[in-house]
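Chains: A, B, C and D, in written order; residue numbering restarts at 1 for each.
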Amino acid sequence: MILFFALAIVLVASAIVTIVQKSPVYSVVSLLVNFIALAAMYFTLNAEFIGVIQIVVYTGAILVLFVFVIALLSSGIGPFSEGPDRLPKILVPALVATLAAFGFLTYGLTRVPLGTLPAHVTTSTVGDVGKANVFGSVGDFGAALFTTHLLPFEVTAFILMVAVIGVVVLGSDATIAPTHGTHVPKKKSRERESIVKAAK
Amino acid sequence: MPVDIANYISLSTVIFFIGVIGVVTRRNPLIVLMSIELMFNAANLAIVAFSKLWGNNAGHIFVFLVVTVAAAEAAIGLAIVVQVFRRAKHVDLDEVAGLRG
Amino acid sequence: MIAALVVVPILAGLALYLVPRSAEHLAKWIAVAIAFGAFALAISQYGAPDESLRWLSRPFAANFHVGLGKGPSFWIVLLLTLSTGCALMVTRVPRARDFIAQMLVLLGAMTGVFIARDLLLFALFWDLMLIPVFITLVAWSPTKSNATAWKYLVYNLVGGLALLLATAAYGIVQGTTDVIGVDPKSLATISDTWALWICLGFGFAFFIKTPVWPLHTWMPDTYADLPAPMVAIVSAVQSKAGLYGFIVIGLALFPGVMHAIAPVAFVLGLIALVYGALAALVQDDIKRVVAYSSLSHLGLIILAIFSFSPIAIGGAVVYIVAHGLFSAGLFMTVGEIELREDTRLLSRLGGLGGRNPKLAGGLTIVALAALGLPGLCGFAGEILILTGLYRAGFVWQTVVALVPVVIAAAYMLRVFQGVMHGPEHDDLPEREDLSLLEGLALAPLVIAIVLLGINPGPVTHLDTFTRSVAAASAQSTLAILKK
Amino acid sequence: MNLAFAMTAASPALLSIWLLPLVGAIVIWTLGPQLRRNAGYLGSAFVLVSFALALANFGAAGNATGLRAPLVTWGPGFAFGLQLDALSLLWTLVITGVGGLIHIYSIGYMWTDRAIARFFAYLNFFVFSMLTLVLADNVVGLLVGWGLVGLASYFLIGFWFYKPTAVAAARKAFVINVFGDIGIMFAIFACYAATGSIAFSDIFAKAGTFSEPLVLAICIGLFIGAMAKSAQVPLHTWLPDAMEGPTPVSALIHAATMVTAGVYLIARFAPLWNLSPTAQEMVAVVGAITMVTGAILGMAQWDIKRILACSTMSQIGYMIMGVGVGAYQAGVLHFFTHAFFKAQLFLGAGLIIHALGDEQDVRKMGGLYRKMPFTFAAMLTGTLAIIGFPFFSGFYSKDAIIYEALEHGHPILFFAGALTAGITAYYMFRMLFVTFFGSYRGDVPDAMLAIAPPVPGAYAAHDDGHVEHAPTWLMQAPVAVLMVPTVIAGYLTIGGESSPWYRYFGTLFGHGGNVAGVPLAIPEWASTIFVLVLVTLGIVVAYLRYGNPPALIGAVDRLRGEALKMPPVLAHAFYVDALIATAIVRPANALGGAISRYVDPHVIDAGVRDVAWVAGMLGALFRALQTGLVRAYALTIVVGAACFIAYFAYLGTAR
């Protein structure tokens, strides 16, 4: 109980810090705190594998990526150069809309019962973390992932591959010339052919 | 002592809307991307909480998939940011207005 | 095997891009072989059982269901494969390989429309067959502007959208779209309101495709701009998709609504009939003459379908095939003329008959079939349609429909004589008469025109449709209009 | 897929009669360039064998059922076949007999034409088409033949297609004939709707059950067809123009056979016509008007072929009037005799035209009887026959028609017929006198006036001036053969009702129930004498104006002057052409022009463009929302999400 509320306070605080910081480096650090707290939160929900994944993928991979990009784009700490603010008054409507949505959701959540665990299903408790073959254990998760949900798993692999290709294309140095219409002069393609031939 | 699932859901909601505000108000694309990650995480938390509530581990699978997609999204998003920076020498979403009709 | 009629041409068309650009003859003969192979295959599959593969289960059942049967599908597929083969034989356009590939894709897609036994499949092929034509209009346009291509695409996509929506609605209401050629009695009846809207959706698409006045203005432009081999099959077959749809979908599934909209369709058909004929009378471009004459002829088929007379509907199928044969022949000969003289304007042409007797002979027969000379296929269709119309009680409509017959004689002779007769023009290049190959390409069409004119009996075969028509005639008008 | 012919119980002889000319046409067409002149002999042979077969089956065709040959069946009620009964046989014999003779004649006439093979292919095709018309046992088959003869006529009128006048004439003939076709089509629909069949036998069997208006409608439809094909006023204008074709074509198609198809049609449908006195009246009156009009027009022509064309019109008017008043035997007899004497006249005119180097203007002829005695004899025989000179064939047939018009209660038609006979005598003798008497006024040298000089024309002579001669007999023999029936064909009717002619037809035509009492009861001999007096009068006037030598002195100038004096109404043939042009052709063209220049681009397309404009405006409206600022889009999404959440929250709590 206490653990939950402690984690919740950390989560909310770090989230707010993330979005209000001027400098992205501070944001990243704050986000790191947030992610770790969230991983702990997963453990309280018996989702041990997800918790581990959270740490490995988010903090280990994604955040590192952010840090790299920040390092790449700016020489160091401090705000990025920015142009004129074209939507100076967006904060008010954004807050209103967001709060409205939040209010509606909260209203709905308070009015609708969330439901309870079906009688015939037994689930593990916090104390079960680390045990094999109970709800949320790695074995339980793995069995489901590689049997029932094999196809989505493989599709995910495919999506990742597409993303990799996309990043490679985007990250390559070749500037993509702006093209207007589909017309490509023949000469160019011939030149290309000759280049290809020469390369052979 | 088990915590009521409703608390988890409320927490998830709060974090989600914090992310929303970040997306809408910030002009720095990196922070926008981070806000999006926040929203992903909030959603994941809700899913895991419901998974626990119903005793159904399909939610875990779903979160796993979301994490992968989020990773892909972050990678591509950051690549785009890098490209944009190369061209515009600014990191400002308001400068990337090519969609203007 | 029937599915191969669709799959092989489309795949072959795409695979043709693997052939080197310079090997135009290879590409051409591969395509000709495929088209005539499809023709032979279609003949061998006369009355063969349908082929079906489950495709969708939800939200409604849809199958990859194709069949030829013995009715309109069979004859139109024969017409399509034959006219495509003939048109391919005389293809002479720049970038011929790419053009031939588009022709093959078009062949496959159009075959799909006519052998689909599932509404969803029908709708998909319906849209698919627009693509090669659009590409051709863009890439082989005689002018710089793509206006014609967009006009074609927008008109037909609007129709295609209506068709798709109607199909989806039908699937949801009926639970299945696998209904073409099914005995309507075995289907659940759908409510009048749904039937009305769904049928109007189909009807709108069919009216645009046919086309019916006043939705026709895309047609003369399209026909004038397409290269001759493609316009031959587009005019011969693609324009029949709407009429075919009215017969196998409208009459069979929505007899009540068809009855209800018949008065409107009759008026539109009659207007198209006279309007097209009058417009054809004054065009200078031969292709436009043929385009407007098509508008007129297809108006007659609209009348036939909406008369609900079995004789007229049998005649409509005959006329669909007949019009396909002679319009393919007309566009092919016009293509030959344009190739020789670099113009298709009647005001510039003249006196070719003396030096081109074979070309003149070919043009004579197709033009005569078009003007409804007794003994050729056009007449067979016309007389059956008009007899049926009269017998169904549409006396005055029949009399009005007779007028364009005379006008047809006038404009067809104007074309024929304008090109072939009169003194020879000095400013026209003198070119060779039809080569053996060109003659061979025209011969099958001419033979078919004569055979169909002598005995259209088998083509009038209407398996399940006569039943539904009879049923339609029984319930005279629908309650919808009373509401 | 039964595409083959069903040949059950078909008479092979009948099929051969029918198909031989088609085979000829196809063979000649395919082998054309190799055959050259042999095409003529081959074509003639096919037609003459067909003739012989028809003659051999004379007996078989005369009995009650005749010969039959079912062909194809399209569907219920649409059964096609051939039948050879008394009426068909008569036409078959004329088509193949006279046709065969004209084929032989044409070999000589077309001797030097480069396209002689094409000519014979067309001619054989015409014979086949005409046989289809008369042999069909159903009305659609008849229409097929009807259309095909129109096509053959089109080809042959426009045979010299490099001549713009020929092309225009051909088109005019074809279009007017198609107009006639739709009349017949209408009759077909009405018959089929009433009986469910297209066979003559079925239609006639049920004819008694037709209502009066239905019969009248069918008859009007059929008669429109007959009017177009048989050049009845006001659809006659194509016939004089059709003389642009080669002369043998004029003889065969536009005199002897095709133009009389209207007579065949009415005689064939006699059982229907007998039911409707109104329809009969209409036919008779139109026939009489044509008869008189043709004769009046004939008085004003100078082109020898146009004179004959007008006389053809007039004579067909007689036939139509004959069958119209119910005198079927007399009308058909006049077709029979007319086929011979008009063919003879045209062939004789062909000899003259040929000899004078394509000269058709009689004002440039004259004095030819010394140089062409044979031709003169032929023309004289024909003329005597056509004017109804006693003991020549026309006398019997024409007299019978004129008298029967009176007998069936039409005194006005009787007088019209008699008067026309007089006019006919006048203009035929006028032609004869101007052509053959007086002095020669043309410019062809004497040496060329042999019987078979070349045809000057585009493809005639060889480059070195050497010309080829057809054997003289080729063109003379057919004319000589034709002279026999020209004289004697009428003798078949000697003996009135008991004559071979009447017995041959028996009850085929039924009874023309048109006898409304005879208001002017005179005996037949009185009628004959009355007609003969008028005929003599016509000859005398013609002689006084053109026949006596003093009248022909300085004839060229005077004749030219006379042409100028011709009343404009005649010079323009009663303005029928102009009327058709103003009332139909020009409005149709104007409408078509309006459609393609105004309605399509500026009304319909403009409507479509307006729709596109609305879409464009809407697009512009929504374009304003697209600021391109990502945060604005995000805000939109948030607002949308808020709405959704509100909706679902409401759904959840409302439950």
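Basically, a contact is a pair of C-beta atoms (placed from the backbone, for glycine too) under 8 Å apart; a residue touches a chain by one contact, two chains touch by 3 or more.
Everything numeric here is computed off the predicted structure, so don't read it as measured data.
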{"item": "Selected interface, B-D versus A-B, where C-beta contact pairs are more numerous", "value": "A-B"}
{"item": "Chain whose Cα mean lies nearest the overall Cα mean", "value": "C"}
{"item": "Gap in Å, rounded to a whole number, between the CA centres of chain B and chain A", "value": "5"}
{"item": "Distance from the mean Cα position of chain D to that of chain B, given in whole angstrom", "value": "90"}
{"item": "Distance from the mean Cα position of chain D to that of chain A, given in whole angstrom", "value": "90"}
{"item": "Chain A-chain C separation of Cα centroids, rounded to whole Å", "value": "55"}
{"item": "Set of chain C residues in contact with two or more other chains", "value": "none"}
{"item": "Multi-chain contact sites of chain A, meaning residues that touch two or more partners", "value": "86-87, 90, 94, 97-98, 101, 105"}
{"item": "Residues of chain D touching at least two other chains", "value": "629, 631, 635, 638"}
{"item": "Contacting chain pairs - touch in the sense defined above", "value": "A-B, A-D, B-D, C-D"}
{"item": "For the chain D and chain C complex, residues of the former touching the latter", "value": "1-3, 72-75, 78, 140, 143-148, 151, 158, 161-162, 164, 167, 170-171, 174-175, 178-179, 181-182, 185-186, 188-190, 192-193, 588-589, 591-593, 595-596, 600, 604-605, 607-608, 612"}
{"item": "Residues of chain B defined as touching chain A within the complex", "value": "1-3, 5-11, 13-15, 17-22, 24-28, 30-31, 33-35, 37-38, 41, 44-45, 48-49, 51-58, 60-61, 63-65, 67-76, 78-83, 85, 89-92, 94-95, 97"}
{"item": "Chain C to chain D touching residues, read off their complex", "value": "46, 154, 214, 216-217, 220, 275, 278-283, 288, 292, 311, 314, 351, 353-354, 368, 371, 373-375, 379-380, 383-384, 386-387, 389-391, 398-399, 402-403, 405-407, 409-410, 413-414, 417, 420-424, 451, 454-458, 460"}
{"item": "Sites on chain A touched by chain B in the complex", "value": "1, 4, 8, 11-12, 15-16, 18-19, 21, 24, 27-28, 31, 34-35, 38, 41-42, 44-47, 49-50, 53-54, 57-58, 61-62, 65-66, 69-70, 72-74, 79-87, 90-91, 94-95, 97-99, 101-102, 105-106, 109, 114-118, 121-123, 125-126, 135-136, 140-141, 144-145, 148-149, 152-153, 156, 159-160, 162-164, 166-167, 170-171"}
{"item": "For the chain B and chain D complex, residues of the former touching the latter", "value": "20, 23-25, 27, 32, 93-94, 96-101"}
